[in-house]
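One chain, subunit A, links the two complexes that follow: it is found with subunit B in the first and with subunit C in the second.
Now for the complex of A and B:
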């Protein structure tokens, strides 16, 4: 679920870089501010874990496969901006080291998968946590995954409308192709978010004793 | 009656001559080939590209486009990869050939392949020659180094303030 280089024209990449660059600078500044520095080892570990789980492919109906992201968990534990920075780093390394996704399209992938998805998950958790914490965590993971995929589907569809030579597949094909499988992957993301949060809570409780 | 028969014979000869001339003209190479479908098998000319994701799963039956060095806008070739994720093309000019494989879900590759003037060699190139676990480990190492650097930088900054 990463857009590769060459599929998106400058009409979209330039505004995306303009939007993402100040957010990266702001999130980095916040990470290095005061006591926030002490969180960096855990944030780094969660980023590394997100990088690893994104290499594990899950077979989904239709004969293809996808992976979970792990960024919603970071958004719930810290905030969506931290999740944006962590997921951006994961995407950058995936592009350079694994050849997944692209460099010119990095802000697009980061804004969709690292900001919009985690933001939707974080907001869902905030809205539902007083009703049921486990349900809120599960739904947050599911919503984050689906919103991120839908955002990418929408961007690719927009690209087709602007310049079909850059991306030859129309919105009516690419949007469901991205969104429908992630309705199922979202179930795995939701389960991961719920279990990982519970595990971290136990570890923190044990460490506090 | 006789003269009519003679005239007919004369015109038959002329007609036969015209038909013979047309037949000969039609046999001339080029016009005779028009309805004939031929083939030749040429080995060692094509470049084959395999498209697959990190876990080895092939991008099977996926749309692709190949652009020649001389025309980066109009595809030289379009089609779908085979069941094993392979596509192949025969470069007719030396230079950088662009290959795009675009899955409907947005995944894909966009690479440039250098084609020499001679026949294609059987040498392998690409991103798949490192052990499968080496690149994820390299990624983890980079994340560790970046966060360690940020942590040290943040502590230094805090100590100085």
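Now for the complex of A and C:
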């Protein structure tokens, strides 16, 4: 569900770069704070994990497919800024290696999928974890996916309003087209967040023994 | 083909970023088509490989989006009068993808990003681990199939996917810590 290069005009991409650059600088600086030798490999490994997890396609009716993002899980395990750093690196690798997304739209995809989505998931997990841990994990995954997709849908709609030559589909079509399928893909993301978290606890408990 | 490295790679990165932003301003499909033709002619040695990669990775998405857009406008207005707009969108997306693939073929990416040592360190670790994880991803479905006679159902597939992702995440954290120890033992 990335926005591809060429569909967003510099009216939006330049302000997005201006907004994302300080956040990237902050997250890079944060990686070096304290024990960088301890932190950098973990960030690199989590980036690799998020990249690989996004290559697992889930078939959905109609002959198309969706993929889980995994960024909400990283936000819950670490924090939303770590998830933002990892997802930004994933998007950078995807842009250069696979031609998915792109460089002009990198901050838009990173802010929507790496920051807004994981932030929504992290916040809902924080709010619900005392009520029911499994429900909090599931809802966090679902909310992260839906918020990320809605943000991208909103951006594409805004692009159509500013310059239809860049994106020819209006908000009333693109927003539901992106958001509605992700209400269901979010169920898969929520289930994945719940199961992977439980699995990870077992793996870490076994490693600690 | 020798890739640009050192300061030349960083200059190439600046030129590439300026060029893609400039290209993303253009809205006339004829100008975009001309730019695409000029780009492919200028880098004729890369043309075959770049076009192959673009058609495999980017064109399917562009064609589906363009067809859906045409379908929508036909349904909404009963006419295909947005052809120029859709052509501009499709060609611009292909042009920017070609520019990126040519840049990656011609320039050493790690050298181009070497203005930030942190970024290059994290990227190097990530790229190395992606290769390791990919192998596991390819083997895992075969393992899941070999465990059942009729093949796994929806529940089994979901369970196998969660086991796979859980083990990938566990491995990521373990390997991250091992890399940290290796870096420390080398005096970093």
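Here, the second predicted complex is superposed on the first by the 198 of 209 C-alpha atoms of A that agree within 3 Å, B and C clash if a C-alpha of one lies under 4 Å from a C-alpha of the other, contacts with A are read in each partner's own complex, and residues count from 1 in each chain.
The definition used in the following text is that a residue touches a chain if its C-beta (ideal position, glycine included) is under 8 Å from a C-beta of that chain, and two chains touch if they have at least 3 such contacts.
None of these values were measured; they are calculated from a predicted model.
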item	value
Superposed partners subunit B and subunit C on subunit A - clash or fit	clash
Partner chain(s) touched by A:162 [first = subunit B, second = subunit C, both, neither]	neither
Contacts of A:152 with subunit B and subunit C, given as first, second, both or neither	first
Which of subunit B and subunit C A:3 touches, first, second, both or neither	first
Which of subunit B and subunit C A:100 touches, first, second, both or neither	both
Which of subunit B and subunit C A:21 touches, first, second, both or neither	neither
Touched partner set for A:52, first subunit B, second subunit C, both or neither	both
Dominant contact partner of subunit A by residue count, subunit C or subunit B	C
Partner chain in contact with A:41 - subunit B first, subunit C second, else both or neither	both
Partner chain in contact with A:126 - subunit B first, subunit C second, else both or neither	neither
Superposed model, subunit C segment overlapping subunit B, candidates 4-12, 58-66, 148-156 or 166-174	58-66
Footprint overlap on subunit A, where subunit B in one structure and subunit C in the other make contact	4-7, 28, 31-32, 36-37, 40-41, 43-44, 47-48, 51-52, 55, 89, 93, 97-100, 102, 165, 167-169, 173
Subunit C residues touching subunit A - in the complex, by the definition given at the top	16-17, 20-21, 23-25, 27, 53-54, 57-58, 61-62, 68-69, 72-73, 82, 85-86, 88-89, 92-97, 100-101, 104, 109, 116, 118-119, 121-130, 132-134, 137, 158-159, 161-170, 172-180, 183-184, 188
Parts of subunit A lying in touch with subunit C, wherever the complex brings them together	4-10, 13-14, 28, 31-32, 36-38, 40-49, 51-53, 55-56, 68, 70, 73, 89, 92-93, 95-100, 102-104, 163-169, 173, 191-192, 195-196, 198-200, 202-204, 207
Contact footprint of subunit B on subunit A as seen in their complex	1-7, 28, 31-32, 34, 36-37, 40-41, 43-44, 47-48, 51-52, 55, 57, 64-65, 89-90, 93-94, 97-100, 102, 152-153, 156, 165, 167-169, 173-174, 177-178, 181
For the subunit B and subunit A complex, residues of the former touching the latter	53-55, 57, 63, 65, 73, 100, 102, 104-110, 127, 135-136, 138-140, 142-144, 146-148, 150-151, 153-155, 157-158
